[in-house]
Amino acid sequence: MKHMDPNFRKDTKTEFPQREELKPRKVTTPDGQVIDIEPLQDYFCQEPPKVHQKSYFKIVEDFYNWCRAESLWILAFGTGCGAIEMRPLMTPRFDAYRYGIQWRATPRQANLLMISGYLSVKTLKRAIRTYEQMQGPKYVVGLGSCTINGGMYWDSYNTIKKLEEYLPVDLYIAGCMPRPEALLAGFMELKKKIKAGNAEGANKYAEKFDWYKANQKAVIKDWDMPDYNW
Amino acid sequence: MMQAIYDRLKDRFQLGALDVRSRKGLAFVDLRREFLRPVLTELRDVEGFTHLILLTAVDWIEDERFQLTYLLNNRQKNLDLGLRLRLDRNLAIGETIHDLWPTAATYQRELREMFGIAFPGSPRVDEEFILEGWTDMPPYRRDFDTLAYSQQTHADREGRETSDPREFMKQILYPKD
Amino acid sequence: MSIDWPRIGYAALTLFIVINYGMIMTALVRKIGARVSGRYGIRIYQNYIDLVKNIALRSKITHGVMYYLGPVFRLTGGVGLLLFVPTIYGSAMWSNFSFAGDLVLALYFVFFGTLGMALGAAESGHPYSAIGITRGLSQVTVAELPLALAVFAISLQYQTLNITDIVAAQQGGIFNWTLFTNPVATLAALFAFVGTMMRSPFDVVIAPQEIPIGPPTEYHSSYLALMQTNRVLFPIAKTVIYMNLFFGGATNWFEFAIKVFAIYMISVLVGVVHPRFRVEQSITFFLKWGLPVGVLAILLV
Amino acid sequence: MVSPILIIAIGLGAAFLLGFVNEDRKGIAFALTLAALAAMSLIALGWTLAFAAGNAQTADILTAGFPPPFAINLRMGPAEAALSLLVAATGFLSAIYMRDALYRHGRRAMAVLLVAIMALTGIVMTRDIFNLFVFFELIVIATGGLVLLSEDRRALAAGFKYLVVAQVISIMLLIGIAFVYHAMGSLNIDDIGPVALGFSGAGLALFLVLVALFLELKPFPANGWALDIYESAHPGFSAIFSAASGSAALFAADKVLATSPAWLPLATAIGIITFIGANILALRQNNDRRLLGYSSVAQIGLLLTIVGQRDLLGDSYLFIAGGVLVAHAIAKAGLFWMSGLVGHRDLKDWAVLRANPVLIFAFATFVAMLVGLPPFPGFYAKWDLAHILMAGDRAWLVALILIGALIEAGYLFRWFGFATKREAPEGFPGFSVNKMGIVFVTLLAGWTSGWIWGDLSANPNVLSMVPVLFALAFLVLEPLPARIKNLIAIAGLVGWFVFRYPAYDPLQLVFAIIILVGGAVIFLASFNWQGRRLGFYPPAMLMYAGLAMLIEAETSFTFFASWEILTLGSYFLILRGKMSEPHALSYIAFSLGGAFAILAGFALAANGTQPFEMAALADVAQTAAPYVFILLAVGFMTKTASIGLHIWLPGAHAEAETDVSPMVSGILLKAGLFGLWVLLMHMGQTQFYGINLTYFLVWIGAISAFLGGLMAIFQEDAKRLLAYSSISQMGYALFSLALMNHLGWLLALMFVINHYVYKSMLFLAVGGVYARTHTKLMYKMGGLITLMPFSFVSVLIGIIAMSGVPPLSGFGGRWVFYNAIMTADMRLPIILIFLSGPIGFLYLFRLIHSIFLGQLKDEHRKLKEAPFWLLVPQMIFVLFLLAFAVVPGLILRRVDAYISTFFPEGGLEWTSGGIISEFGYWNPVAIMLVIGVIFVSVFLLLLWMNHDAQKVKQFNIGFAGERPYRPETTHFAWNFFAPYRKAMGFLVLPVVTTFWNAVTDVLHETADFARKFYTGNGQTYALQALGFVVVLFLIGSGGTP
Amino acid sequence: MAEIAMMSGFALILLGIFGALTNRNLLRMIVAFSIASTGVNVVLVSIGYLPGRTAPILDAAVPLESAAAQIVDPVPQALVLTAIVIGLGVTALMLAYAYSLFRHRKSLDISDFTELKW
């Protein structure tokens, strides 16, 4: 069993400096006028996410949810070893397409983010950004024990342990790694959840935005993006 | 063969003893800091060790030393030679060899980040390499306690049991013992 | 100017039929592809679900006016193209708005959607969109060349630019089709057909592996829905032109369905057996193979 | 009438009198000198005016009271009077000009000057060859003295070299005279009978006299000594040396040659070799005075050539030779005098002249005079000369003269470019008033001579044409503020259009609308400029004047004069751009080359008839017709920048000012098209060895359309992109014109209209962007759509219109195109046209994407919309394009009917339900409606579904999990069509540019190598003169044993 | 007699020109040109000489009425006189130049004065 140094204290004081390209800068316009550029304000939309209401008619919302469930577009983004387990889903043996599942290359068009394995802090930043760039309703599925409790990286200084602290997870699929069959079962569960109208992760994220941001910023010291990446 | 090379170089560069390992053609040798560059140059240009396989470090915290290991390879003769160099842990400044092997710059950048060993003059050595936004001490130093850091940063999931794999497997496989 | 309501009704109906046909047909094509590789494949109504899903997305963003208008241009291009070409030969009503212009109109209106889409995608500011546009525009300049030559050849052959007249000249038996009366022009046109259907080997424009799907990278929700609609509509509208010019047109909806499917399958079949070209490779390909055939076509007429 | 002998007497007498003036009383001496020169000038003027009025007869003055040959006689005829006036007036002005130098050297120098002028008038008037010799020797001595007026120490050596060569010449002349006397028994020129061309006996004697006289004319290559004088002497004296001495010596040679016409070819040969040789050598000169020296030599060579052609020229001889001579003398004297105002001797130092705009105007005038541009005498002379020589089957000589003139124009305009564009030295002290006054007098003389020659000419006087006068009036209006001038200019253009409206036929009307109304619309953009904007309106209006006259021209002369005027105006206009110096030069070089081809073509076509109606082109003789066609077509195609002759265009259009670019692109290019139109209208079916020449035009048009577009794709500079696009568009127009069928012509006309509209619009839009961003490089911009929405809209509409996508007007063009090619005989070039259509789409997309879409840059975040006045014309164009798209018939219907007079077949049928051709149909209203309805429906649908979309900013893009670093690295714009370059790049290797560069390089290298011939050693010069004689003798006697 | 004069005149001219072109020294060149112009003058006189006639001086020996048949042609002689005068002037000017050149440049070699060229 590993020893822990009782005297070790992590450094909580040092601030990471703002990235050079995001620092406010002065620029000379072609007319010779000097203007201030604040990259974060000028280049990124600063609006917080909104909570979106369900349709007024339940039947419409149910229909929509059915469509959402039957048309899961997964963002092709692999964070860990689980990415490998996704590939067989496209093969004749598993053929996820028949469930209306397909992979999209851009977050704008995807609505299911699979966190496929351990998530280092560095990758977490990308995952957050990507998640926020997806358009709601959107779903997050954590794959494998690493996303659940850190898994075999439980003592790593650089790997997060509980994904739901950072992103609104709809479903975990346990295993190290879960096999494709488990993934398919997971998708079925997700579909049930969506159809039942319970997969409101995007709204949850917007509601508890401050909490999520606080968690995220606690581990990501060089927060070099706007609070919400539209 | 390795012995022959060692013999050729030993006296000129005051090498330490040749540490021959089990695998054929693999050996390590200690050397003093001032001879690093001459030996590397000689090995590269004369003895045919044209390939720098890796440059890595070991934290001998008890000795207050960092040990740098330059692992070289001779393709023609299939020889691997590791050069071991010890640095003062409190004054961890290595000598850059990016001019001998450009790849060394990357290794040195990694060592700078992970061990905090400085390599003045090495290109982009102070830029972030793997870690992003890291403000704590270099994580590969042995006085950095990764578990403690992890505990202080990420909360464990409630109910998670952590066992010593050795004890755990023993219990499962040989419950009688 | 009085409004010709029945014609508008017929146009709407044509649009409805073609969109539904397209939805089913593209799904069918994908299903066939799946079956060939031993998969079950998507459900035949999957396209509808995807469409509704995209419309039902709750959050949307916009990058600006042109970004917003891009899909509108795109779909207008598709719908317009369909309606400017007589769909069913022999029916004044199913000829829709073909009174507005002849073959030339159809040929040039193809670019309407492309232009708008390119502008919209470019306003998103995404470099991949711009790269995709570069590739698409570069490729289409030469890919359309054999078609232009083939069209020139057959309009010389029939001495008219009126599509209805061209179809009329092909009636009375399969051997009156341009396919048989002018095989060279048909071959040239098919080069262009395969080249502009956004299928392998000429699909580097949207190459998902390197530039996440090219121009539409930033599009989503209803924008994407419009583009999806266009994606089932536009190839059919184009195919209808080819059908009318080279394969004798269609005298009823059944013939229409069969012929469009058959012609569409040409590009599918070519696509499944050929790996993807780089842009300059496809340009060279069209110059090396498509162009000579086209030249032959106009010289032989 | 005062006796002309008084001219000589006064000169001589005053020179003697100066001897009595006290050395210290310089003022008196100078006054005496001036008075004498003024008196001499006045007498000559009196005689000239009398001859001009027809009140005088040629007078012979018998010096000793005996008739010749027993005594020397002088003669005063019209030519003598004019030349004496020229000589004396030059002397008078130079004397004033050289006042300081004359004061410094005192009365002796003044006496020498008087003797020189006296001797020069003597040469002009005397009829005795020995007397001629005496006057020549006097000039030698006087020159030897006057050279020393220079402050340049090197003049001393130059003077000695001159004396050495003069000795050699005088020995030859004297022996020649002696033998002529021996053979003829008389020294009187009138008694020298016709001597046959031969090299023994009387022939040899005449040969020696002639060759000595020729050597006095500084023939190439035996003229090194003269160049040294030009370079080092006082500019006031150089003016005399060039303008007066040269003219007098030439007249002497003319007198002797007149006796024996058999020797004329010798003069021609020497003349033309001198003309071309000296011009080529001048290319490498950096020293202004030496350059002027080379140019003087060349001009005298040209004059000698004309003298050599006097057998053919007949009655026009005096008019032609006089025109060239006067132009040369006035311009050269003026330039030498101006060189005295410039402190340093490098050509680039003339930039100092910018301190006074009138001086720049004078410089321009003198350059134009030397090159023979309207409205100066040289222009009329060149026109007549070319016509007479062509009619006399001496086309080769015309070609050589024009080539020489083109080279001369090259270095002169390059020099002018230096003066207007190069860095002017700081802290300029100001010009000497008296010297400047002299230059202004010369300037006045230049314009007066232009008016006189125009008046004398059988052709209309350019200076009495209303548009030209209107344009010239802006010279006077220059002190007014630019906006007032702009208003006047617009009023002038529109007014002229309204005034001439009833006279236009439909074709002219379309061009008139584009030139006059369109020009006025573009002038709206010029309201953007404040201050006085010196030097903008005169050339601009000159260009418009030329264009307005061009489309109405009925005779070849008016046509050509208008052509030259618009070329000149546009050159000055283009030259105004910041970086446009080299481009303006290549523009004028190509344009003049083209103009000369046109001149030759017209001359060949006219075959001596003047005035030559344009319509008569149809009746040109079979043998000449193809050559006329080729010459004219090449000339016009330099203006439309067809491929091969296009390299001037991109720079000229791209570097011009914002409101000039649309003028020269949208309007000026149409001049070439109009020319081609007229040509094809009259000579459309000309055959050349059985091939219809229009086939070549079709091919050239297609290749231009294709390659122009391809080159446009790869430009990073927005204006250059548009410029290359113009090449492509003009190629289209040429192609459709050369199709020679009804719809082809209609199509060409649609191109004329469309190209004017969208090219002007795009140039203005890009210019507006440039006004804000200060860059033309597209990749440095991006994302400007929100900041400049109006500019974006005009570019967008321009692009849709230009690429031919329905429903805008470009589609109409494509539709007509398809219908036109259905009846065309040629199919292969159509492939290129097919390909260039989508290519046009590529570069236009690049334009709009790289500037308005994509990522906005840091420094552009606070930009404002383009200036208001630049937007006004753009919005007018947008409205026009929309209207033209819906109702093209408004304009095209009339033209369609008009074209039916040429091609009755294949017209269009204009019905309420659309436009119907033989093959297809097109209903613009329906198209617009259908597309509009669909578009609006789809848009409303999207608005309903996506009305709540969140507006995000430029870095909110799905960037593969990352975020963009900087807008510069995120905007994909540089080398935008990289894959296209990989595939097709080999087609745009700069072959043509390399070719033309090689041509100029070879010329320059030749010049640089050949001028080493002038070693600077006096003995060598003397040897060269002797060698010249020997070679001449050997060649001559070899020819006639 | 006339032929001899003319021949020698031409010989002088050629000699003079040869001298002027081969000697670098300014003064020698001037002398050579003087020789050449003397030659020209000799040629001129020899052209006007008619064998057996007398000088064109109208005095008692040559009566006015028969003068035309008795005297040699007077014109060339007049020409020679003029030519000599002019030659003098030119020579003087050249000498003045030579003097001035030498004063300013300390050289009498013509090949030293080639700063103006090309």
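Letters A, B, C, D and E mark the chains as written, and numbering starts fresh at 1 in each.
Note that a contact is a pair of C-beta atoms (placed from the backbone, for glycine too) under 8 Å apart; a residue touches a chain by one contact, two chains touch by 3 or more.
Because the structure is a prediction, the values reported are computed rather than measured.
Looking at the partners of chain C and chain E together, the chains they share are D.
Taking the mean of all protein C-alpha atoms as the reference point, the chain centroid lying nearest to it belongs to D.
When every pair of chains is scored by its C-beta contact pairs, the maximum goes to C-D.
Spacing of chain A relative to chain C, judged by their CA centroids, is 37 angstrom.
Averaged Cα coordinates give chain B a centre that lies 60 Å from the centre of chain C. Per-chain CA centroids place chain B at a distance of 78 Å from chain D. Annotation for chain C: residues 59-61, 212, 217-218, 221 touch two or more other chains. Touching of two or more other chains is recorded for residues 950-952, 954-956, 958 of chain D. Here the touching chains pair up as A-B, A-C, A-D, C-D, D-E. Chain E meets chain D in the complex at residues 13, 16-17, 20-21, 24, 26, 29, 33, 36-37, 40, 43-44, 47, 75-76, 79, 82-83, 86, 89-90, 93-94, 97-98, 100-101, 104-105, 110-111, 113-118.
The residues of chain D lying in touch with chain E in their complex are 130, 134, 137-138, 140-141, 144-145, 153-154, 156-161, 163-164, 166-168, 170-171, 174-175, 177-179, 181-182, 187, 224, 227-228, 231-232, 1011-1012, 1014-1019, 1022-1023, 1026. If you check the complex, the residues on chain D that touch chain C are 783, 785-786, 796, 799-800, 803-806, 811, 814-815, 818-819, 821-822, 827-828, 830-831, 834-835, 837-839, 841-842, 845, 848-849, 853-855, 913-914, 917, 919-923, 925-927, 930-931, 934-935, 938-939, 941-942, 945-946, 948-952, 954-960, 970-973, 976-980, 982-984. Chain C makes touch with chain A in their complex at residues 34, 37-43, 46, 49-50, 52-53, 56-61, 208-209, 212-213, 216-221, 224. The touching residues of chain A, when paired with chain C in their complex, are 49-50, 52, 63-64, 67-68, 70-71, 73, 76, 91-92, 95, 97-98, 100, 104-106, 108-109, 111, 135-137, 202, 230.
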